[in-house]
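See structure below.
For reference, chains read A, B, C, D and E in written order, and residue numbers begin at 1 within each chain.
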Amino acid sequence: MPSIACNALILATVASGVVVSAPAAAQNEQFIPILSYRTGPYAVNGAPYANGVVDYYNLINERDGGINGVKILVEECETGYATDKGVECYERLKSKGPTGAAFINPLSTGITFALTEKTATDKIPIITMGYGRADSKNGAVFPYNFPLLGTYWSAADIAIQHVAKELGGFDKLKGKKISLLYHDSPYGKEPIPMLQVLAQKYGFEFTPIPVTHPGVEQKSQWLAIRQNRPDYVLVWGWGVMNSTAVKEAAAVAYPREKMIGVWWSGAEPDVTPAGDQAIGYKSLMLQHGAGKFPVHADIEKYVYAKGKGSTDSGKVGEVLYNRGVVNAMLGVEAIRKAQEKFGQKPLTGEQVRWGLENLNLSEARIKELGFDGMLKPIKISCSDHEGTRDGRVQQWDGKSWKIISDWYTADEPLIDPLVRDVSAKYAADKKAQPRECSKES
Amino acid sequence: MRAPDTNEILLQVEAVALSFGGVRALKDVSFNIRKGEIRAIIGPNGAGKTSMLNVVNGFYHPDHGTITFKGRTRDKMQPFEAARGGIARTFQNVALFKGMSALDNIMAGRTLKVRRGLLWQVLRYGPALREELEHRHRVEEIIDFLEIEAIRKVPVGRLPYGLQKRVELGRALAMEPELLLLDEPMAGMNLEEKEDMSRFIVDVNNQYGTTIALIEHDMAVVMDLSESVAVLDHGVKIADGTPDEVKNSQAVIEAYLGVAH
Amino acid sequence: MPGGGSFDTFPKLLLRNAAQFGTHPAFRHKDLGIWQSWTWAQVAEIVRAYAAGLHRLGLQPGDTIAVVGANRPKLYWTMMAAQMLRAIPVPVYAEAVADELAFVLAHAEAKLVAAQDQEQVDKVLSVSDRLPQLDKVVYDEPRGLDGYDRSRSIAIGNIIEEGRAALATDIALRKSIDDFVQAGNGSDVAVILYTSGTTGASKGVTLSSRGCIDAATDTTRFDGLTHEDVVLAYLPLAWVGDHYLNYVQGLVAGFCTACPESSDTIEQDRHEIGPTFYFAPPRGFEAMLTRLMIRMEDASPVKRRMFNYFLDVARLHGEQVLTGRPVPLSGRLLYALGRLLVYEPLKNVLGLSRVRVAYTAGEAIGPDLFAFFRSIGLNLKQLYGQTEAFLYVTCQPDGAIYSDTVGPAAPNVDVRIAESGEVQFRSPGMFVGYFKDQAKTAEAMTPDGYVKTGDAGIFDEKTGHLKIIDRAKDVGRLNGGTMFAPKYLENKLKFFPNIKEAITFGDSREFVCAMLNIDPIAVTNWAERNNVAYGSYQELAGHPLVYDMVANDVAAVNRSLVEEKVLAGAQIRRFLILHKELDADDGELTRTQKVRRRIIAERYAPLLAALYDGSYEADISTEVTFEDGRKGTIAARVKIRDMQAIGAAESLEKAA
Amino acid sequence: MLYREAGQFKTTYVEDMAIFPIRQDRIALAVLLGIAFIGVPLLATFHIWPFGSDYLLWAILLPFLILALAAIGTNILVGYCGQISLGSGAFMAIGAYSAYKLVTGVHIPLAWLGCAISIPPLSVLASILLGGLIAAGVGILFGIPSLRIKGLYLAVATLAAQFFFDWAFLRIPWFTNYAPSGSVNAPELNFFGLIVQSPIERYLLCLLLVTLMALLAKNLVRGNLGRQWMAIRDMDIAAELIGIRPLYAKLTAFAVSSFIIGVAGALWAFVYLGSWEPLAFSIDRSLQLLFMVIIGGLGSIMGSFVGAAFILIVPIMLNLIPAELGVPLSTETIAHFEFIIFGSLICYLLIKEPHGFARLISIGKEKLRLWPFPY
Amino acid sequence: MIALGQFLEVLIGGLMSGVLYSLVALGFVLIFKASGVFNFAQGAMVLLAGLALVRALDLLVANGFPLWAAIVLGIAFAAAIMATTAWLIERFVIGPLVNQDGLTLFMSTIGVTFVIEGAAEMIFGSDVYPLRLFPTDAWFVLEDVFPGGILVNKLDVWGALIAGILVAGLAIFFQRTKTGRALRAVADDHLAAHSVGIPIGWIWFVVWLAAGLVALVAATVWGTKLGVQFSITFLALKALPVLIIGGLTSIPGAIAGGLIVGAGEKIAEVYLGPSIGGGIEYWFAYVLALAVLLVRPQGLFGERIIERV
């Protein structure tokens, strides 16, 4: 920690007469920064996610006394979903703690793009669970990017699989009209190439419909949808755009059942403002959904009971909260994995990266962690930074999300050529030499 | 005071009429200004004097009528064209650039003489710098002429009214005009300032041979300064001639008495 | 360190400077917004061309050329060019009204007049019918002069141009100029300076080249002036001070003479140029201090406290620091802090930062005033001199400065005090004689070649320095026989900031009375701070509170007199405050702002009478000249106040 | 107090019209530049406090320099020429995307003519400068309405540019070389063979460009063109009557302003972000730039720097201070406090000194020059 | 026929949403008219009003108040909040800045925006709060003429109604009440109004209060449409072109501008959008505004700017 910070801390402590644990203990701490946004147009979705993350780290500290005794030290930085603020936060936090940031989790596709190059130079892994650049699945080109559990290309494929299933087979897709209502940003645009590939493959008519940030005004889009009558509308929204889409759909009487949101468009804040109008709306699940699992019992016991919770306990178990918890868990497990190799001490980002790349969570281990039923086993490798690409579909019944489908697994052979092409282009742009995964242990 | 060099007409205004939304400010006014003279335009308030100047330098476009300046006749022009043609102007209510120093205000008056464009000015080197220095030198001569050395770097907003008027005159002089229009150059001045200003006007006329047309209320000043006087009343020219002729004109006496009562 | 050495005329010095410091600036003039500068080499070339031009205009050796105007390089060059032709420059006061000008020009038989601008040219031309010898007027600033008859007036610039052109083609001309320079010698009359004389018409003091140069050589050595120094030439061109300090010393030392842009901008110009050698009369320094204190009144309380605190520190240690005497460490540190926070910034704002040597002279300087400037680190010294001596008679050497003396004799000057108490001297620079006035010349000299200064003085017993008491002829006796030195009293009175002018009466009378002028700046400021309402100067002057305040000052003067054995009996018993300011336009002051006692006594006779007849008020009506030249009268009823005489015992009591 | 100017006199107009006519200012500037060009890189190289990490360099100084440059551009238009613009962000975007296109090579197929316009990939520097020029061209186009529209109406009209270009760079895939996400990556920063990679190198590059352009901008605003702009700003009618053509004056202001902003945009994209999307140049950026020039001081190049520093650093400080003091506040509360305090500070500053920091500084300087006198 | 039906549907939808923009724009016009302040904070004021209302409603309903009482009390509470805000702004921002130029005032309102946003979210929370004061489903009219009918959103109709009432109310306020007339006097000439004894501070407070109440009305409609949440502040940006087209000083102009913008952008988006990539409505409104300004620099209904020497 820079000396100025210490001095200020000590001064403040002395001045206020409050006893704060001595900074000397800082030596056995693993620092993890949290880039969050609890203000601005996306706060509605950013806050529950950040709460889940924070609560899980607290759980590890409170219940286990840290990761094998190494306490987790957390600092939040508000980005407001703005890229430049995100970069500033990253720079501020990346070298804090005894070993610097273990990894970074920006929860913004824009910030992910901006940090991709920097994190590689700084040797800090960037975990983008369920978002980020789809091509960063390729660990050969993106050694420090980990789009765990699913990229947008996987999501697009899963969505189409579900549509096909509802229609009664892939062959029924032919001639159907599927529209993509998307947030007009890199986040919303990511699935388009994949959907185009799928449209070609299955012969459906694909129409992308952009919605301008932040998405409060969608009337004309929905009038167009009303006139065009697509068979399905995929919703790739974030924040206010999701609930507005549901309301506008209701206003033009477009059946909510024919709308499938990506997993970022399927949380409670996306449907509650629409009230009953949201009934029937579907969305993908990033494996997990809402609900409480064994891990939540621990969180309530070790965190909320001690008054250290970061939200109302009523919100524990919401979709985005759970996603925060899962995200935090994967990071912690990666550190744990890395400790096996590097010892039970604070680790550097580079060491954690090794942990991430060799992360292998079996069903048993997931159960042991209290995530039974939320996740499927995950195995990450050099060539596959995604780990697993499974998803389900849930539907809003007016009160809660109900899981309405079985597991789908994204079609890896279909996605991979696209991943290779795009990541190769990135490597060429940056004049970077990809590593050879086959030669690494 | 110097008599006009010739009887050459510098500016001829022919049957100019101007109205604002139905109010007729000028009704078929014709008059001329001879080269090298000091010409006064007088008249009661609202007689259309300022409108006349505004027509001459292109700020107002007359409804009909023509203006002939240096032999070119036209029915209207843009203000900067008038400026380029050699007409400079001061205003009744000082119209200086408030955010700039006295020096910069006068330097701005040199705009038309600036030859080097943007790219040279960016570099401020070689010809551009030389040019800037030449203009500065010229402007310093004007500052010297108007005896405003002590205030050259003061933002004009901070100057007393009399000095602002002087700076404005300086800015007009910086254009090296052939015709200088002065709209009440002595309004709101005390005796001493008026005397100074009168001296400057005569000196300008003398030294640079500039033709001057001025609007003034103070009759004594008009009689002292000008060689010929045009009198406007309600947008109509009611007299034109030497100060003495005008002073004795019945129409003028009536117009002024009418206002006085 | 340059000096006159073997160079006995100014043209020779000019050529020497051009050769020796050719690339150094000789003159600067704030003109057209910047300091236009000329090196010695350039000046030499210009003066030569100018001389050639003047020669072509017919200026002959021995002719006089008058110079009227403010401090302008071209006017200084006129003197140089004239001297190059062995003609005699006669500088004249620029503010002189037409009559005064006509007198001097006629008396000096000026053939040419070099005038600054249209105003001066017009003035000269307006009296030209009284000047049969006058041939042409040459002028510096051509503005407004275009239409003038060219046979009567020519721009100096044109003369120089023409002279330059002629020199380029005319070998004979070149040679004749060179010959003039060669032929010049130390006994040539270098310049005629007309005294502004406190009484009567002015006299032309004739000075020789040799004398001028020798005197200046001594003083430049005395103060260590070199060609690196800079002076601001703002004193009247015709005054010996300017001619000596700037023109002659400039040529001798080779330093740079800087001319201000206009009389309005002198402060600004001083600040910019930062002179290293500076002269101002006591009233100049006084005005500076008054303005400074008034400005500080408006500062924030914290700043004011800091300011006052450090002025106290300076009062305590400043003089010692300046003269290098031992100061306790704490004092030294405080003074250093004060230098950072107050003294240096103060000097900077006043434009005195770079001053190495500053002089004041002309009249007595208030001890507080003198001490103030010295304490903030300005090396201010006094000198005593007069036109007839070509300025210096005595001057204070570094390290031996006393506010009440004017120092020992300047180098190579003999000073003595005659039986009558009059100071007499013999100096290298002493004048040749009054122009066209043998009688007066003889009157001013003693048979053994000393010059009578007309001032009464004594040598201070402790230091041996000269102490000037008064004009010798003004020193009188009360009826009781006590010695009465009016000037001495007046100076003491004027040292109080509230009193601007004082005139005392007492010669051949029972007791001493005073007429006072309050200082409008100081007193109005005081009035504003104390909520004293007043409508005019006259009202303020008659205000009882003002009288009270002034009475305190008078009492203080009386107390101080007790300690002077000879003068203790000459205490001020009655005084009044004049209802109007004394004004040079009314003839009450000289152009150098000295009071004309006799004229005042005549104009205010009713008041004078009232002072001595015991009444407590008197009516007076005086004619005044307004700024625009119109005349009018002011009438007033002036009050008179009695003062208690203070005995020696009482004073001692107070002291104890 | 620190100003001891006595004896500093000008013998030429060049000296008199210098940017810093006072010697003490020149010394201060030299010291500042010395620190910026030599001190900072040295400290950063040896990781001496406060350059222990790259944070100060990367997250503060780099954006400060680039945004200060953009603020200078904005100031030329708003502060000097008096044309209020809320579209500065768009011109940054134009600079950034044009430079991106140029550096990657431009290919415009003209199908109906059967040929294509092709420009081979240009060097980074050329691309950045040309990007600025393209921004200048677009600036001229969008400046034309200013001849008729004035004041706040113009301000809103400039939003048309802002929103149009936001949209264009988002929607027209040609600009992003058909990148699937619409986010583009900066090329390798190769300057005549010199690869700019590390924070120090990036910092020095920006510093050099910003210093140079600030100097050139200063040259312009103190020259005739600058006087024309200010004349138009202060009193457009009088300006016209002394022969200033409003068309020329306003359009040059738009061009120069857009050029500088465009270059800043290219730097922001290439040097600071490295990878960006149009959101980086949104209306928020435009408002931020406007804030910078108003808080810093309209019509002051130096004010642009001060304003940029204030607007950039105050939120960060507000964010850091509670953490450093150990005040137990949630991130959310801090963020809201930050909004409130920042907003209040802006109001306070506008009330206290509507002419911005530049005026405050000049008043302070004047006080120091006159010290110990109050006037 | 289908095409015509679709066109009508888009046109009506556009006009309706335009009216909703007008609701926000009205607040701008009120303030600009009376004090020459271009109030960027109007969007934030809508957020504040909406949050105050919805949070009060939730609390009251949770405490067992009947819905009508909760609505009345909630609106009263929100109005009180807006009054306090108006007072604070007048007292601490606009009052001290009197006589500054428009740009400074404009920037100060951006500062106010930050403060309101921060304070509103800190006090009332930053979640999405559903508000259901008006029906949000749709009518399908003329189903027998056009297949599928023409969709008309009930909320939009409510919005239009409310806007109409608001404009009428403001007109009465300005024409018939003493304060209203004083307000117009102030708008014409600050100094003159001051010299005839109209207290400027009070007037400005009234104006800001009126704008705050307009914001509250807008918040009821927009809150129902979107849910009360931070993104409501972005409405300010949607209202700007409306203002510019209508003229900064004209209340009817705000409505007319809203109609033009709404119809224009929806039609452009639906018919032009697909061919050039979609999402054009954001800039379309501004380009429209720019085009209008080029013809009439003071907007369609704005007062003519006269230049004098």
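The definition used in the following text is that contacts are C-beta pairs under 8 Å (C-beta built on N, C-alpha and C of every residue); 3 or more make two chains touch, one makes a residue touch a chain.
Nothing here was measured: the structure is a model prediction, and the numbers come from that model.
Taking the mean of all protein Cα atoms as the centre, the chain whose own Cα mean lies nearest is D. Distance from chain A peaks, on a Cα-centroid basis, for C.
By number of C-beta pairs in contact, C-D leads when C-D and B-C are compared.
Averaged C-alpha coordinates give centres for chain B and chain C that are 46 Å from one another. Distance from the chain B centre to the chain D centre is 41 Å, each centre being the mean of its Cα atoms. The mean-CA centres of chain A and chain D are about 35 angstrom from one another, to the nearest whole unit. In this assembly, the C-alpha centroid of chain D lies 33 Å from the C-alpha centroid of chain E. Counting only residues that touch two or more partner chains, chain A has 38-39, 43, 47, 184, 210, 212. Chain B has residues 59, 91, 95, 136-137 in contact with two or more other chains.
Residues of chain E in contact with at least two other chains: 118, 121, 126, 277-279, 282, 309. Of all residues in chain E, only 38, 92-93, 96-97, 100-104, 106-108, 110-119, 121-122, 126, 237, 240-241, 243-244, 248, 276-280, 282-283, 286-287, 289-290, 293-294, 297-299, 305, 307, 309 touch chain D in the complex they form. The touching residues of chain D, when paired with chain A in their complex, are 49-50, 52-55, 58-60, 63, 167, 170-171, 180-183, 185, 187-188, 272-277, 279-280, 282, 284, 316, 319-320, 323-327, 330-332, 334-336, 338-339. Note for the complex: chain D touches chain E at residues 78, 84, 145, 148-153, 155-157, 159-160, 162-164, 166-167, 170-172, 237, 283, 287, 290-291, 294, 298, 332-333, 335-340, 342-347, 350-351, 354. Contact residues of chain A toward chain D in the complex are 2-5, 8-9, 12-13, 16, 18, 20, 36, 38-39, 43, 47, 50, 75-78, 80, 82-84, 87-88, 90-92, 94-95, 109-110, 113-114, 116-118, 133-134, 184-187, 189-190, 192-193, 210, 212-213, 310, 422, 426, 429-431. Taken together, the chain B residues at the contact with chain C in this complex read 2, 103, 136-137, 140-141, 143-145, 147, 149-150, 152, 203, 206-207.
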